[in-house]
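Once you've had a glance at the structure underneath, I'll fire off some questions.
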């Protein structure tokens, strides 16, 4: 092991050391500062511009709005129906994410803590789903939902969301469950509790942070995406908020209402940004948990 | 604890399902017809359409109209609806696109019987209220499947105020046109605005030059030629060379290839370019962005010396309605269409949105005076894009449009363009 | 103990297994069957055409082009993303004030819906009043300000840059999590010898991070080939062919964008090729990137 490290070090290390010497710390930090500033600025800029009028926006893209023009939000919410879409998304994403967690948690629990024949195989089958391109499932899922009469129906989209998010969620929750002490089940069995009761009253609460993280990550992910609604939803009234924003962007070309579009962007961005602002540590650790196993 | 959880979940699921399902049509009660519109919610004329819907519902209490403002990708949404058994009654879009996607696929309902009946509030047969020739343009054999409403043609627009300030007048021949472009360029104003990101706007130049040089139908014939040898006709090369010259002389505004719609037409109305070749829906789409004193004027595509096409050869675009054959409430849908095509709405559309309407006796569009006159004196009409996009949609998208983009962006010469078309045509037709 | 627990294996796995089988596994398997047919998605008839879809794809010039574009995205985008992510990891690694805040900011584009980001970048690159060009003009770089960022020559790279900006956030966070596990003692020892941040990065962090990096490469291969949402939304009306990715081509074939195409069998065949390519590259990567684990 030691030798491996040394040989690798000397191979790239010489070049690396030369590079490192060439780039002064100051430049590196400046680059970081610029990157941070750019990211913060662009997001803030969308927010600020949404309060301008179109005229103000075209006069100068950098200026601050003269007044707080909430007309763009009113228009986006009511006329462009972002309000309806928001409600659709809220219902759909909340329920389907709850569904994902309800379904994935028990599965992850047994895969993590109960030895049975074929456990590794089942785990692999679930987890390998992460590398299947969703676009491959496009036509068969379309056919399937048609047969169940669930095309153009948010329930159909919800079911698809649960299925396609199982691989990652199970993967993540297995990592959480594995960290809990082995003695817990034994203690519970001694107390005379059934395995189901043990799961509900002992394991779940302890894995609570993991469950919450899984919920939030899935919530953000599904809120963001618009691929499945794009292909499965045709009626305007059933659109989700991300799909609605996509439609708004398309229609904006004809109405030249950029500030309305930005208002729509803010409406879609805000929930996930707020969730992230409050829970960034949790979200980040949850997303990276798999990479650090072992 | 577990029991409470289960109960709560069931309750919430029931509520959710209730909300979801209540969004569906109610069984019994008023008849609801579905209107899948190619318009986007934010377009300036949509409030008028919503008013028409409201008026119709008020006048017909047993019928409700459920409009989905799908935007231009309207047609791609219909097949999932057909598959889910939930067929919308009405769709609207350009007649060319409706023909290619729906009429030719036997998905639409023939309206001849309904057209023979009287129009709303009059004794005249509905079909006789249309301007001559309008119902014939996209007939399916002898049947009428399409109800045209907002009609357009393609012209060069200019700011009347700018031209009179500079003492310029609308050119009639292509040579006059290029001289005019030279003058603008020398004066530091880009002669031509263009939305380079819209490939079917780009092909306008080639398509109309072919018409002026070779007459109606030449483009369609060449596109459908399985051997590709039609492209050898010198007329096509001449048209291509003319486009090449426009690109080479830098007449198009700088950077137009990277424009996202509607940047090109906004450039034009804001005076950053002198002219734009575009269809007559331009005033309706851009009126909110014009500076004070802007005067929409237009002239038809100039004629080419020794060419077969005349100035009064007019391209006809029809934004139209169709009724879908497998929809449940076709009669109510037709009723709605008759209601829509009444004089008061036609007039309002023409006056407020400068639209030319396919119905006789409609008011003149104030910002499209030249185009309206042109339509009236038209001696011949050709289908939009010479019918290529409705008869040969895949060829249109994969062969003609990409090749034309290279030509207008100045990336290939006219000879290379023609050679490419020949080669790709042969490959396409012999796949 | 274990037998007591074994009672719940089936009921606990059942819901997940059923949903997964019905909506994921079954469709994935069925996709092979679909791709052997010609299907417009409209009528019930699917015409069996054997492997014709697969052979047509091999001759399809558009598919070749899109494949090259996707490969370019994975390769060039990957190099850029990984270099930048490792750079930030090195910079922010260890302790340091504000590390959590910087990390969160860098990551933030990953929690924003791709449509909003695409709108933003569309506006940044807008030739007339976009942020980039007006900045360049303000800096006096008028020649650069006239470059057509979304024009056919540059749009591929412009969008690649935007995608890199988004994903650097994710991979930085990933690598930082891995770097956090490296014992602080190594860094302290290095500091005593007078090494600066970057130097410590190249001699400590990078080699010990290799496992996480190689896992990241696998993630990126999958992510990169699956790119759809940003590319599809960034151009407003119709994505120019220069930025088509394989998933975009599949969706356009299956549904069309403005013109309905509805070649569902062929679209699925292309998606199948995508699966094969991704699986191949992932397997190759795992083989070549693996090495004996470093214990520390």
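For this structure, a couple of remarks:
Each chain gets a letter, A, B and C, in the order it is written, and its residues are counted from 1.
By definition in this document, a contact is a pair of C-beta atoms (placed from the backbone, for glycine too) under 8 Å apart; a residue touches a chain by one contact, two chains touch by 3 or more.
Since this is a predicted model, take the numbers as computed values, not measurements.
The minimum number of touch steps linking chain B to chain C comes to 1. Two chain pairs are in question, A-B and A-C; the one with more C-beta pairs in contact is A-C.
Work out the mean CA point of chain B and of chain C, and you get 37 Å between them.
Distance between chain centres (mean CA atoms), chain A to chain B: 39 Å.
Chain geometry summary: the mean Cα position of chain A and that of chain C are 14 Å apart. Counting only residues that touch two or more partner chains, chain B has 72-73, 78, 80, 83, 260-261, 266.
Of all residues in chain A, those that touch two or more other chains are 102, 142, 196, 250, 252-253.
Within chain C, residues 41, 236-237, 255 each touch two or more of the remaining chains.
By the touch criterion given at the top, residues 72-73, 75-76, 78-80, 82-83, 97, 100-101, 105, 196-199, 254-255, 257-261, 263, 266-267, 389, 393-394, 396-398, 402, 405, 409, 411, 431 of chain B touch chain C in their complex.
Remark: chain A residues 1, 4-5, 8-9, 12-13, 16-17, 19-21, 23, 25, 28-29, 31-32, 35-36, 39-40, 42-43, 45-46, 57-58, 61-62, 102-104, 106-107, 109-111, 113-116, 122, 125-126, 129-144, 159-160, 162-164, 166, 170, 185-186, 189, 195-196, 199, 220, 223-227, 230-231, 242, 245-246, 249-250, 252-253, 258, 261-262, 265, 268-269, 272-273, 275-277, 280-281, 283-285, 287-288, 291-292 touch chain C in the complex. Residues of chain C touching chain A in their complex: 1-2, 4-9, 11-13, 15-17, 19-20, 22-28, 30-31, 34, 39, 41, 87-88, 91-92, 100, 102-109, 111-116, 118-120, 123-124, 129-131, 134, 165, 170, 173-174, 177-178, 181, 196-199, 201-203, 206-207, 212, 215-216, 219, 222, 225-226, 228-229, 233, 236-237, 246-247, 250-251, 254-255, 264-265, 267-268, 271-272, 274-275, 278-279, 282, 291-292, 294-295. Only residues 1-2, 9, 12-13, 16-17, 19-20, 23, 40-44, 67-73, 77-78, 80-81, 83-86, 260-262, 266, 285-286, 288-289 of chain B touch chain A when the two sit together in their complex. Residues of chain C touching chain B in their complex: 40-42, 56, 62, 122, 125-128, 146-152, 154-155, 235-238, 240-241, 255-262.
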